[in-house]
Each structure stands twice: as structure tokens, then as C-alpha cells.
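The following pair of complexes shares a single chain, subunit A, combined with subunit B in the former and subunit C in the latter.
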Partner chain A sequence: MIRPGFARTSFSRKLHVFLSVFLIFAGPVVPVVTGQVLSWDEAVSGARGQTVDWYMWGGSPAVNAYVNGYLADEVKRRYDITLRQVPVKDIAEVVSKLVVEKQAGKDDGGSVDLMWINGENFRTCLRYGLLYGPFADVLPNQRYVDWTNPTVKNDFGTPVEGMESPWGSAQMVMVYDRARIAEPPRSVGALLEWIQAHPGRFSYPAPPDFTGSVFIRHIFYHVAGSVDRWQGDYTQAELEQAAEKTYLVLRELQPALWRGGSTYPESPVRMDTLFADGELDFSFSYHQGDASRKILDGLFPDTVRTYVFDEGTIANTHFVAIPYNAADKAAAMVVADFLLSPEAQLEKAKPGVWGDFPALSQQKLPPQWQQRFADLPRGPATLDDVELQSHQLPEPPSEILIHLEQGWEQQVLKNR
Partner chain B sequence: MNGRGRLLFWTIVLSVGMPFVPLLLWSFSERWFFPALWPQDFGLRAWGYVFTTAGSQILGGLTTSCLLALTTAAISLLVGIPAGRALGLYNFPGKRLVALVLIMPIIVPPLAVAMGLHLWFIRLGLAETFAGVVLIHLTFCVPYAIFVLWGVFSDYNPEIEEQARTLGASAGRVVWSVMLPMILPGVTVAALFSFLLSWSQYLSTLIIGGGKLLTLPILLFALMDSGDRPVAAAVSLVFVVPAFVALVASARSIGRRGLQGVR
Partner chain C sequence: MLHPGTSSTPAVRPTGRTTTAGTLCLLLGPALAVVLVLFAGGLVLGMLQAGGYVPGRGLSSLTVEHVGNVLLDSELLRSFGLTFYISATSTLIACLVSVLLAMALVRLAGRSRTIYFLLQLPLTVPHLVIAISVLLLLSPSGLIARLGVTVGLIDGASSFPLLVNDPLGIGILAVYVWKEIPFITFMLLAVLKNMGTELLEAGATLKATRRQRFFHITLPIIAPALGASGLIVFAFTFGAFEVPYLLGRTHPLLLPVWAYRNYSDIDLLSRPEGIAIGLLITVIIIVSIVLSHLLLGFARKRGITV
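Moving on, here comes the complex of A and B:
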């Protein structure tokens, strides 16, 4: 449900193609070395009275309500900052806009002050030098972040190094309806067997959809038999070999999928709809609390539950970043810091508000705050933090992600 | 209206109106699962979101969209009427080339047009301004307006204007009292086309407006893939209503036949 930077739709693909063609004709963009970053005191004093234009994926009414309600009110009250949300369909559009602005030499007074990104869009921003920073180390609330956690330290294999500030965390969870299935398969292997035994009752969104893509990576980890090996050095041959095995498993799975694998849901939204309508017995979400939220909103029945595989499920962190030409950098830094405050993170974690999982490490928080997070009502379908955090797997680097998505298209989609 | 006419009328009303029924139901539904034919629970959550949480955003979007679409439609007509008249009534060398150039912005993907112009608009200081967004909308609207009016003027008989002049009408009077009433249905169609095209622009508004101009489509598109069908339905209705009003308001003059001249 939350798809900040990583909504890699066919549309954003198209955009990237145009962008590359555009850059060929317009000449290369040279990344500039960023100058001195504001100190925290300078940021706070400069922020007063500024307006922060925050460009973000605007597809979730819950997120929009949190941003335009709680966050906007609090930063106005505390720092006299006006927060203006600019909802977009896909943050890649904003990244393209920044590339063009860089090309046109618009180096200050840019309209984007803050953006919600991660993964490949972060990598694109770094490659073209579109970000201001490193600013994240300056923010006081960083002290609650566990920078040694591999899912925070690296953003899809790209070292963060203070160029973006964490906002929340996401983890893939399986979704099922207790009223229909009493005991769901608890591992990837068991799920594969279940699908073969129940033809037509499972499907996954077609990659490059992000949720479908993460499903493929679970199969990849399953057949490769190792997770850590892909974080460090691996050879191209090893990757090819594991990828081939993944495609083989997925091809064998195809006849047992929904509609015999002749078509795939185009988005997780569509998959959730099919699940809610009883066409599928499972859905999955790259958001731990999404199912509870959908129950609250009346989109899922009350008997829906979630679970994680015994071997763990893939997790990542989503971030906010400040563009190199932002007009209101000081206020953007103050907002990024407030986003990380225990108050704002607690409010965000409430299932009735958004239910996004904190970017803060529970161990680093003062005891009274730990208690408050522990006391949060979790919603009927959401697992507790201990269960979730003890079952987290890091994302592989973007190269593997792209390799698998392209391979899937060639070897699974076209080879049926 | 005879029996057959009535049947035709209701067929059209139903086929146009039916798609809105699920939208209306969705916007008022709280819970609605397959295989229920009717929402299991009705509620105002979606409309609450539209009017309270996102109220100021949506009201702002409505105003911006209306202003943009009206301005764009007005300028499209100002350009389209003389251009359509020239293309419809006269033959001149290079006419087909002009037609090709005019149709270019429609053939070339809007994304390419918008991204290419963005760079220039930044340099000219037009990016992120109202004028800039009107200009980019015009690149899509003006061709349609011209093509509609070209067709209208192809059937237009300028001899009537000569008759009016012989009877002592001034040039302005001829335009106002003779030409405009005769081409009015075509003008309305062209204006409506431009209005609706501008009204539904998403990508070009986003690229050139850069988020400074939050139109309804920008808010709507961002919400569309939320999977929250009640909210998406409510916002869709907010989006459709002004366009529908524009259509109904112009229906009379489209339905009317232009004044027929005497040859």
C-alpha cells in the first residue's frame, strides 16, 4: 500500500526511457560536489516562516490525512513551518523533473523541498547529484536510529551515508482469511506445495510491479538457499545460476496459478481486490499493517490475518531526501527531524492513523517510549514487533532486483 | 416523441448514466464485498475525506482546474476561429504542411512534448507558472479547436457575409451577428473539446506546473491507485461533475442547428 519511491510502474519505465533519450540529446549531467551542509542550529533558526513543499506518493488517504493533519499542525505549532503536501502518482516523475532542472541550470529556488523516496529513485538521484547533504547525520533524532541494521544502512544495496533520512520501515507479510484457510503454509517451500495442490487460488502481481517483484525475490532466496551471500561479493555466474533456477520454479508454478497463469493481476491493489472478492486465497503486502487497515476501512473482512515465513520475509526502509536546489532546505531538515521524533513515529504507527512501522530502533528509545510503542493497539491482523523484527531479511542490491524482473519477463511471462 | 424516439432516448440515457451508478454506490459504501450485489454498509467515510481531510486541497484543485480550463478554452477559440476560417475558406500554398505542423503535438507523445518544453520553460521563467501551464495545455487544445473549426468553415458560405455588408452592416457587426451565430454549434464543440482536454491533463500539468499548480487530475491520479474504492469513487465524481455541467450547458447550442444561409 505504501509505495513511496518504488512504484516502478510501466509508466515510470516509459518516463525513464524518455529521460535517457532526453539526456542523450541534452548532454550529460555532471554531478556537483555539494558544499557545506547547514548545522542544526542554523536549520532551526532559518526554518521559521518557511513553507516546505513535500512531494510524495499520494495514493493513500490514510497517509494524506496524517501528513495534512497531524504533521502539518505540529510543525506549524512547534517551528512555524507551513507543510504543503504535493501528491504525485509516482515519485519518479519528480526525479525526472529534477534532472531537467539540473540540465537547465536551475540551481536554487527549486519547488521541491522534500521528497519521499527509496531504492532505485534514490540511486538515480545520487548518480545525477540531485540530492542535498549529507544532512541526516545533523538531525538530533538520528540518535534513535540503528544505523548498523542492514535494512537502514543500505537502501537496496546503496549505502545511505546521510543523503536521506529514514521515515519508516516496510516488511512483506502474507495475507490470508482465517475463515477460509485454517493453517496457512509457513515457508516458501510449503507455499509452493500448497499452490500446486490448490490450482487457480494463488497469483502475484506481474513484475516490475513492486509487490510482485518482492515475491520473486522470496523464491530467489528460497532456491538459492542463502540470503547473506547476495549482500556482499557474488559472481555473475552465481547470480545467473540462481536466477535460472528461480525462473524454472516459477514456470512450473504457472499452470497452478489464477487463470492458469495466462494473466497476472497488474497491481497489489488488484490482487487485494481479487482476494477480497474470494477469487484468490492469499494476498501479500509489502506493509505489515496494511491488512488491519483494510479491515478498518471495510475493504477486507474481519477474519483476515497476516503471517511471516519461518525463514523470514524481505524488509526495507523508506526515507525522505532534500533536492540539491530546494528553496527551503532549513525547514526541510527540521521537518525531516520531526518525522523521526518518537511522538510523530508513534502517531504514525497507530493503526487507525496509518499503521506504518517506526524507523526507530526500540532498543535505542528511552524506556517510557518503548512502553508506549509496545502498548499500541496493533489492529486485528498485524503481527507484533518481536515476531516481525525477528523475521526480517534484507533486500538484495538493485542489480539483482532488475536482473530478476527482466529475466521474469523473458523466461516466465513470454515462455508460457 | 414517438415510441421509437423514446426508446432511443432512454437507451442513450441508460448507457451514459449507468456507469455512474456504481461510482455513486461506491462513494457511499462502507463495506462492499463480492458476491454482494449491494453495499453491505453505507457510510460517509469517503465523502468525509473529500470534504474535511482533503477539503481544502480539493477545493483548491477545483478552482485551479476551472480557471485553467476556462482560460485555455477561451484562448483556443481566439486562435482557432481565425485559423479555422483561413484553412476552411481559402486555398494557399503549404496548406497541407500547416495541417501537418498543427497535428504534430497530437501525434507526438505528450510526455515528449512536455519534457522537451519543460527545459525551455525553465529558461524562459514560464515553468511553475499559471501562464506556462496554460501554454502547455494550448499545445494540445489548439490543434483540436482548429480542426473542429476548419470542418465548420468548410461548410460555411461567406457570401452571406457579403449580403450583410451590402445591407450596410459593419465588419464587426458581420462577425458578431452573422458569422458567430452561424458557426455557434462548432464553436461550442471546439470550446468544449478544449475545456475537457485541459480539464483532464495530468502529465503536462505535473511537469510544467511542477506541483505549484495542484489541479484536480493531479489529486485524483495520485489517489487512483490507492485501492480505496470509496474515496477514489468520491473524488472521481467531484472530477466528473464540472465536466458534466459544461457538457449539459453546451448541449442546447450543440443540438441547435446553425442558421442556414440562403444561397
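Moving on, here comes the complex of A and C:
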């Protein structure tokens, strides 16, 4: 199973802390240098014959095949660019390499031309001036991106501002079995009532598991009564107050959970198993197409469906960025643009290719492309792009995420 | 007749039996190097990390704060108690069953190779596989529960007793007992086979009851092997991670799971604490190994070979 955005995010969060500690002792913070960015015409003409070394997480055969097959062939044919994938276990390693290069004053001729990043890695890059740009606004295919969508505008609470270009999206969806529940609770509030009315039929993976953690962020948004407030300026007191309310709700919920809340599934895999075995009536996933894939694999019955809350579910976007010292910036820009083209996004979204969800807004696409995306064979459980995209909530900054995970352990898990 | 070129002259000549200290070092060198670099090196690195070592600041950054945090954590006693309970109980049950099994096998099967082969089979199965199997078998929606529902023994998943992720750690105990019995039995069988029947026959001639023969002849002879293998099992179960991770509860955590949780936390500051817990586990395991070694030495003095 491919877990594009969030798998790397949990890695990257670890790196961020490492880097922060490292940099505190390594030297002063380097200010962001924003140089002159190439125009689109300069980029296309300069890109011819260049080689793009794209550093990315290489753990998925489907992603690797898409990059080395379709993408490499197309950019060679269209722009005479050689695309070379450099698979890494964790893009955070590359970010730390760039930090060292920045400190050593290696300002050009860098070996990394393009990186697949998001979340904390992006924040770290911005903070230490490791990125080239803003380049995203220059790319013609940006016209299909809805920059007003908060999950695209902000990357885990950090304003993107053209310093990275979107590639795909991941969104949390609720999973239920139509044969068991005719009408699922369509809001967080209704779900909480449903859990109280059906003791023992719901649970969530224990945070800091990433999927369990996103569930408690939905509760957090629900009790705080606002989503946007956490993207901008908020005081520590406001956060504490909303967090306390979150723990209170979760503590009240505990007796009604699976096994009276005395224990939790250790992973989403276990939660899915409990759901399939009929011990739980709901599961949820941070991948829109995961349930369909599980039906296809025979792990879920055909009657399983997904839905999003009326108020929306949390989503995040994964991006590509160009390092400040990349040797082939022009070609990297052209590749980033091609990644966003409707044809490349459509190919990527095919379940047999990768099944990653498009970073493009369906409303902004020409009608014939909208039709093509709508015609994609998606599993029986997967919602369509319009439904998904109109119900997206942004991720809060990771300091809120960490705050909630730690608080959950102290106040919900241990305070029984 | 042997031709010089094809002769099967042994590499070590009978006269060259006495190895000098130099050759001994040479022979053990590669193995020792691995042990020293990987284990001792890892231990030193672990100690540095538990001390909160920061590369840029040298040894002055070392602190006992993290170790102190772990030792003063109110959770420590609970985690330690639970880990000790799991290890001690599983070792005890495995030892008891193994003694009975080994004695029955040595009488029934004698020197049968098939029995030995069968005993070795479970030794090759990883703990992880058994843990998953136990999950599939014993969970409330597992195979046994479903069978029970089909036959009409129980009403549904909810009336099946809690055997995994349960407060008493029954699932974890089941895995360990199942895995360790063949190991201990195997160790005991080796001793029992060498013991032969002469001593027991002599005892019987002197009118010792079966009970007396067991407590005064068999048990003293197998005791060192039993103690040693028991301690190995104890040490292993004390530090093993995967079984309690899968079959344990979210809270309280066993020490190895707690160490992992801290080490893999987003917050880098809990990493030294994870290592400190790991070191604590190491200390307990080393004490177990030393004890087991002393037992073996004690047995050798009494002329019993294992």
C-alpha cells in the first residue's frame, strides 16, 4: 500500500527536531536569500539537454515505476530533459545534507535538483533558506491549482508562497460497512453521539500513530469550533484551552470505546482488521483510496464505503521543491510543471499506476479533463474528487500536533 | 594406499594440540572484533546517547538528567513489575512443563532422532509469527471464538474471554511458553540422555520411591541446565519487543515497548530516555547471564557436565 504524504511526514517530524538541535550548536541561522527566479521561457530554453536529479522517497515500486517510466519518457520526449530518480529512504537525510552544504557555502552546482517534500521538511528548508524560488507561480500549469484551498495554501500550517509546487494530496476518510450501518453519522458531533449510543463499537489507533493522531485533531477542531484560527496567530492559552476540552471529550468517550477504552489498536492495520472482523463498526484512513484497495485485495467486503464529514476532513498536500544550489534549476522547474499537467496527474491517479489523488482543482480544469478524471476507474468505496476536494480541512501546525499527542498520552491514556 | 596429493592428512596434527595464547587470539579475533565493535561499541554509544550527548559540544554536554527522569518516573515501577511478571511467569511455566516433557520423552522416545527433529522445529519459528498466530487464534474475533460461535458454545465475540491485549498478559504468556518449552526441553534432554539409567536403577535398588529418585537424583543433575536455560529465557523475554507490542495493552507498557516508544517519539528529547530504559533492560539481562554462568560453573565443580 502506498502512503504518500503522511508516511514521510512522520519521519520528517523526527528529523526536524534533530536538525533544530543540530543547528543550535552548529552555528547561526542563515537568512533566506531570494534570488532572481527564471521566467517560464528562460526555463524551457535552458532546460534542453539538462539532467534533473530528483531525490525522493523510493519505497514504493508503483511510484518508482511511474517516475522512471511515464514521467522520464515524457519529459525526454517533450523537453529533452533526462529525469533521474535518486531514491532515498527518508528525504530528511537530503535536507540535512543541504543544511551542511549551506553552511559550507556551496551555493551552486548542488547535486539535488528536485525534492519530494512536505510538512516539517518544508518548514525546515524555509527556515534555513534552502529553497529556490518562489518558482511555483511561474509554472503555467499552476492555473489548475486552487491556491485558495487552505490545504494547498498552507503546508502543515506553513504558508507555501510559491516555494514548492503541489504534486498530490492525501485526505482522511471515514470507512464503514453499508451492510451494517445504513446511514453513518456525517459530522464529528454526530459520530461522538453514535459512539456513546453504541458502546464498544468504535476505537482509534493510539497516538502517536499518525492515523490515530489525525482522529484526535478532528476532535480538536470540533471542540475548538474553528479551523482557520490555528493556521494563523493563536495564543498558547487558546491552544491549552482547546486542548483541555479535547482531552475532556476523549476521556468521556473512553468508556464507550472498544474494550471500554482499556486498550487501543496499536496501528491502523489492526483497526482495519478489527473492522473487517466485525469488532468495530468504523475504521478510517489517511488515504482516500485505501478502502477500495482493501476490497480489491479481499480484506474488506464489497459493501464497505467511505465518506467525509459534512464539515470536512483533514487533508494534506505533498509537494516538490528545488534546492537553492540546484545545478539544473531550469529543467527542475519544467519537470515540476509537467508533474502538474492534467495528463501527468491523470496517469498518476490511475489505480493501476499509483492511485495518488490529484493536486489539481476539478473546478479549474477544462470540462473535457474534468470528464476524464471523473471517468477514472475508482474502487467502489472511493469518493469522487469533487466530493473530496470540497470537504478538505488543513492540517494544523505540527506544534499543535505534538502538543495533542503528548497531552493525549498524559491526560487520556494515563488518567483513568 | 594414499597418494601424497590426495591424502586426508588432518589440518591439525595430533601433536599440535596445545594452542598458544597467540594462536588463540588469532582464532578468536574475528568473532571478538564483531562482539567488541557491535555490542560494546553499541553499549558505549547508548550510554552517550542516554547521557544526552550532543555532537557539537563534546563530553561536557553529558548529563544524568535523562536517566534520572526514567528512574523517577512513576510509570517505571509499573512497567518493571509487568515486565518482570511476564518474564518470570512464562519462564516458570515453561520450566515446569519442560521438566515433565523431557522426562517423559527420554523414557518414551529414548534416542529417537525424529523426536529431536520435531523438538527443533518450533525453535526455528520466529516469535513474531507465533505472536500473529496467537492474535488470529485467540482474539475475540479470532478462529477459536468463531468456531465457538458456530458450534453454539458462545453467543458472540463479546462473550469470548479476553486473551489478547488483556490486563494479565495471557496472550504474551502463551507465545512465550509455547516458544520456550521446546528450547528448555532440548537442553534438558541432552543432560538426561547422558545421565543414563544407572543412577536411577541404583536408587530403585536402595528402595527409593519415584518421588525420592526425582528429587534426589534427577533434579540435582538437571538443575544447572534448567537454571541456565531458564535464565536465558528470562533474559530474552525481558528484552523482547515484538510480542508485547502486538499482544500487550496500550498502557501500562512493557519496558522494551516503552523504550521503543520513547526512542521513536517525534520529540527528540525523549530519545535519551528511550536509550536509558534500554540500558536498564541491558543491566537486568547482564545480571541474568552472570547468574546463569555462575550456576554452570557451580555445576562443573560438582562434576556434572552439561
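Everything that follows uses one rule, which is that the second predicted complex is superposed on the first by the 254 of 416 C-alpha atoms of A that agree within 3 Å, B and C clash if a C-alpha of one lies under 4 Å from a C-alpha of the other, contacts with A are read in each partner's own complex, and residues count from 1 in each chain.
In this text, a residue touches a chain if its C-beta (ideal position, glycine included) is under 8 Å from a C-beta of that chain, and two chains touch if they have at least 3 such contacts.
Here the structure is a predicted model, which is why all the values come from computation and not from measurement.
Of the two partner chains placed around the shared chain by superposition, subunit B is the only one that A:V112 touches, whereas subunit C remains out of contact. When the two complexes are overlaid on their common chain A, residue A:D277 makes contact with subunit B and with subunit C alike.
Measured by the number of subunit A residues touched, the leading partner among subunit B and subunit C is B. Of the two partner chains, subunit C is the only one touched by A:T263; subunit B is not. Of the two partner chains placed by the overlay, only subunit B lies in contact with A:G58; subunit C stays clear of it. By the touch criterion defined above, A:Q103 reaches subunit B but does not reach subunit C. Overlap of the subunit B and subunit C interfaces on subunit A comprises residues 14, 18, 22, 26, 277-279.
On the subunit A side of its complex with subunit B, the touching residues are 1, 7, 14-15, 18-19, 22, 26, 53, 55, 57-61, 64-65, 68-69, 85-89, 93-94, 96-97, 100-101, 103-104, 106, 111-112, 267-269, 272-273, 276-279, 297-299, 301. Residues of subunit B touching subunit A in their complex: 29-35, 41, 43, 45, 49, 53-54, 57, 109, 111-112, 115-116, 118-119, 122-123, 128, 202-203, 206-207, 210-212, 214, 218-219, 221-229, 231. Those residues of subunit C whose C-beta lies close enough to touch subunit A in the complex are 54-57, 75, 139-141, 157-158, 162, 165, 167, 245-246, 249-251, 261, 264-269. For subunit A in complex with subunit C, the residues that touch the partner chain are 10, 13-14, 17-18, 21-22, 25-26, 200, 206, 208, 259, 262-264, 266, 274, 277-279, 398, 402, 405-406, 413-414, 416.
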